[in-house]
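The following blocks contain the structures, represented as structure tokens.
Heads up, the next two complexes both have chain A, just with different partners, chain B and then chain C.
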Partner chain A sequence: MKYGTTFSFCWSGGSKLLLYHYSHVEVKFIKCFFKMSSFSRSAQQWATFARSWFLIDARMQPPGKIASMCSVRLQGKHKPIYHPLSDIGDHVVVMNTRHIAFSGNKWEQKVYSSHTGYPGSFKQLTAAQMHKKDPTAIIKLAVYGMLPKNLTRRTMMQRLHLFPDDVLPEDILKNLTEELPQPREIPRKLSEYTQEERNAFPMLWTPA
Partner chain B sequence: MRKRERARRRARPGREGVRKGGRERMKERHLLLCRWVKFHIAGSAIYPRFLIGQGAVNTHCGYYECHHSCITPSGFRQAGKCLKRLFLMNEIEGVIEPTSERPQPPNPTASCPIYRWNLQNKYNYTDVLLLSQFIRSDGGMLPQRITGLCAQEHTKIAICVQMAHRAGLLPDHKPPLPVGHVPKPKSNPPLNRYLTRYSVNSVKPIYKTGLKWCKKRMSVGHSALKNNVRYSPKPLYIKH
Partner chain C sequence: MTARGTPSRFLQSVLHNGVGRYVCQLKRISLIFSKKGQGSLGVRDFIEEGVVDFAKNNPGTVVYISPQSCRIPKIVAEYLNGNVKEETVTNKASQEIAELITKLSNQSGLDIIRIRKPFHTDSPSIQGQWHPFTNRPPRLCIVFIL
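Moving on to the complex of A and B:
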């Protein structure tokens, strides 16, 4: 069974976090340019069915896009050997969930409602209030809503690990295999442009 | 105000004469400004201190170069009067040299700067280098009659500037705090946002969104920018 032609251990997202923690090991962009068909049968089987650990940095990213990336990998839909009954989802670690960015006025407009079933317990919280109470709740609810509504959903949610800041525990750091690229390109602030770039930009109008 | 009115009445020719409109005058001034003007000042001429801008050089070496980029309209008028006096007294001779360093707009015959540079439908809230040319130091927009923008582009740029402010892309263009004011330590760190159409404090939460066919949508971005060039096959998604 061929699971792609190249198998890559890669720190492809340009992760400062992984480089910082593994700098003593001299980790750079590693991509193994050998085919999986050259592996032995047991190695090939291991590489096909192993559960990988993905890292996503949610800083300045829309939580919905992050959640859809997470749900795809938690279900195992990014693998050609996918089947809903075979439990082949991977682990996903999301960091910096405190720094997500909603588009539009969703921080004020989006409302998360809940009812425990008891009378008088209908709670409605705006996204801003929810985020203040629990910085990981928004992404958690988004991923929960995007997973298939069956019994495997709970096990997939157990494989999702959310952290509000970029401080990750040691054991999770050791397990990480790949960092995924961020879905949204973060725009540069005016203070982040160098003076040369500002001078190179033409003046559109002159006074008087 | 009275001085300006008197000056206008003096400059106005009789009813039979052709009166130049504001835009024509602006065009002429713009042409003047596009040139580097070298003045050779004989003897000890007066060095007009209000002409200080980028690239102004002291007169003691004999040559005076003037780069008009940072000048205020009133400063330019005063400078013009002083130079006119020097000219009439035969103390300076003007040598007009063509500009070589400033890039030329691809469409110089348009009245609006956006149309001059063919940027219509091509800019967004992220193009901060463009937007910063039309704002004051405290973040407000410059008036249309100063910048020369047409009405639609002025509103579009104003909308983009608003969205850029709310996204935190213009951190240095905040209004100055009153002297001696110590800002309170904020309890919540500011939330990251982008493409915010409405002011943060003015929006109410949508407690009842409604059914799918009559859902109350949350708007993202602005419909004024709906004609912007899109390089992806997906249409612009404004109602989330």
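Moving on to the complex of A and C:
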């Protein structure tokens, strides 16, 4: 099911990692232009209802923000033809879920609880423990909680693809159509600043 | 029955009738009646008074008058798209039959079933119908050829 690739293979590579990973592949700059108004009615309908594949890099991003972006696109709310009954959501691929960044002390304070129903089976895991056990679970649970609580939720979750690192399988790579910009600007480490920028930083007083 | 169980169609006009000239869709109308039955009294009265005026007003429609020995008088209307509509007119007054005939001549031959939408357009989109790549800025239009 490769609707995304039928129009063109063009997608915007925002993150450096993405380009690095595909260095073995030939890269060409081609403008994609095709006249949609010359399509027949059935082809135009097929184009309008096509399912896209989005890519999100979750490195150093808060999982809640990533999850809300995912849930919007899984429901199809980013499309002007949205209707809750239309099953119009797109696929979302999230990579580097192992490297998400909770703000504050949530790694130790946020608790994920579960109970199977049997006595004595109440489990509580901190976010850190949960992440160690399964690096995709935090984002998965966050997206699950943000989707509408009805029967379409399970099909939407099937269209969410989570990968702990930036290694993606070939068939998913071929389907991707757009990479979404990251919600949080990653602050630079001190080692990433050049000496000139460090010297140019304003000092109120020099320590004597 | 339910809407799903009964046939339905979309709103349409026969070959955009009326945009240019209007062509009356009634091809042929046959009045079948008996010369001496009580049920055909209204039909006979209509033939006496109204049918000639109707035929003069609708030059595109052929009017057949066929007296037969039949128990029930009928009006059979045939349309340009091939549909045939039969109406029994036993014990109807002449005025009612005249109204019925004007109704049949005003109809196009399309089936009288549920119309799904009360509107139709040949140009559903002016600015171009949305597809996932409208308003999607090609930030870094890199094409990967694997």
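Following the convention adopted for this analysis, the second predicted complex is superposed on the first by the 164 of 208 C-alpha atoms of A that agree within 3 Å, B and C clash if a C-alpha of one lies under 4 Å from a C-alpha of the other, contacts with A are read in each partner's own complex, and residues count from 1 in each chain.
Please note the rule applied: contacts are C-beta pairs under 8 Å (C-beta built on N, C-alpha and C of every residue); 3 or more make two chains touch, one makes a residue touch a chain.
Keep in mind that this is a model prediction, so the values were computed, not measured.
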TODO: Report for A:137: first if it touches chain B alone, second if chain C alone, otherwise both or neither.
DONE: neither
TODO: Once the structures are superposed on A, label A:177 by its partner contacts, choosing first (chain B), second (chain C), both or neither.
DONE: second
TODO: Determine, under the contact definition given at the top, whether A:81 touches first (chain B), second (chain C), both, or neither.
DONE: second
TODO: Quick one: classify A:146 as touching chain B (first), chain C (second), both or neither.
DONE: neither
TODO: Could you say whether A:157 touches chain B, chain C, both of them, or neither, answering first, second, both or neither?
DONE: neither
Open item on the list: Under the stated touch criterion, which partner chain does A:72 make contact with: chain B (first), chain C (second), both, or neither?
Closed with: neither
Task: Touch list for chain A against partner chain B, complex - done: 60, 99-111, 124, 126, 128, 131-132, 187-191, 193, 197-198, 201-208
Task: Interfacial residue positions of chain C with respect to chain A in the complex - done: 128-133, 136, 138-146
- [ ] Can you check the complex and tell me which residues of chain A touch chain C?
- [x] 7-14, 22, 25-32, 36-37, 44, 47-48, 50, 52, 79-81, 174, 177-178
- [ ] Could you please specify the touching residues of chain B with respect to chain A in the complex?
- [x] 29-30, 33-34, 68-69, 71-73, 76-77, 102-103, 105, 113-114, 116-117, 119, 125-126, 128-130, 132-133, 146-149, 167-173, 188, 191-198, 200, 203-207, 209, 218-221, 240
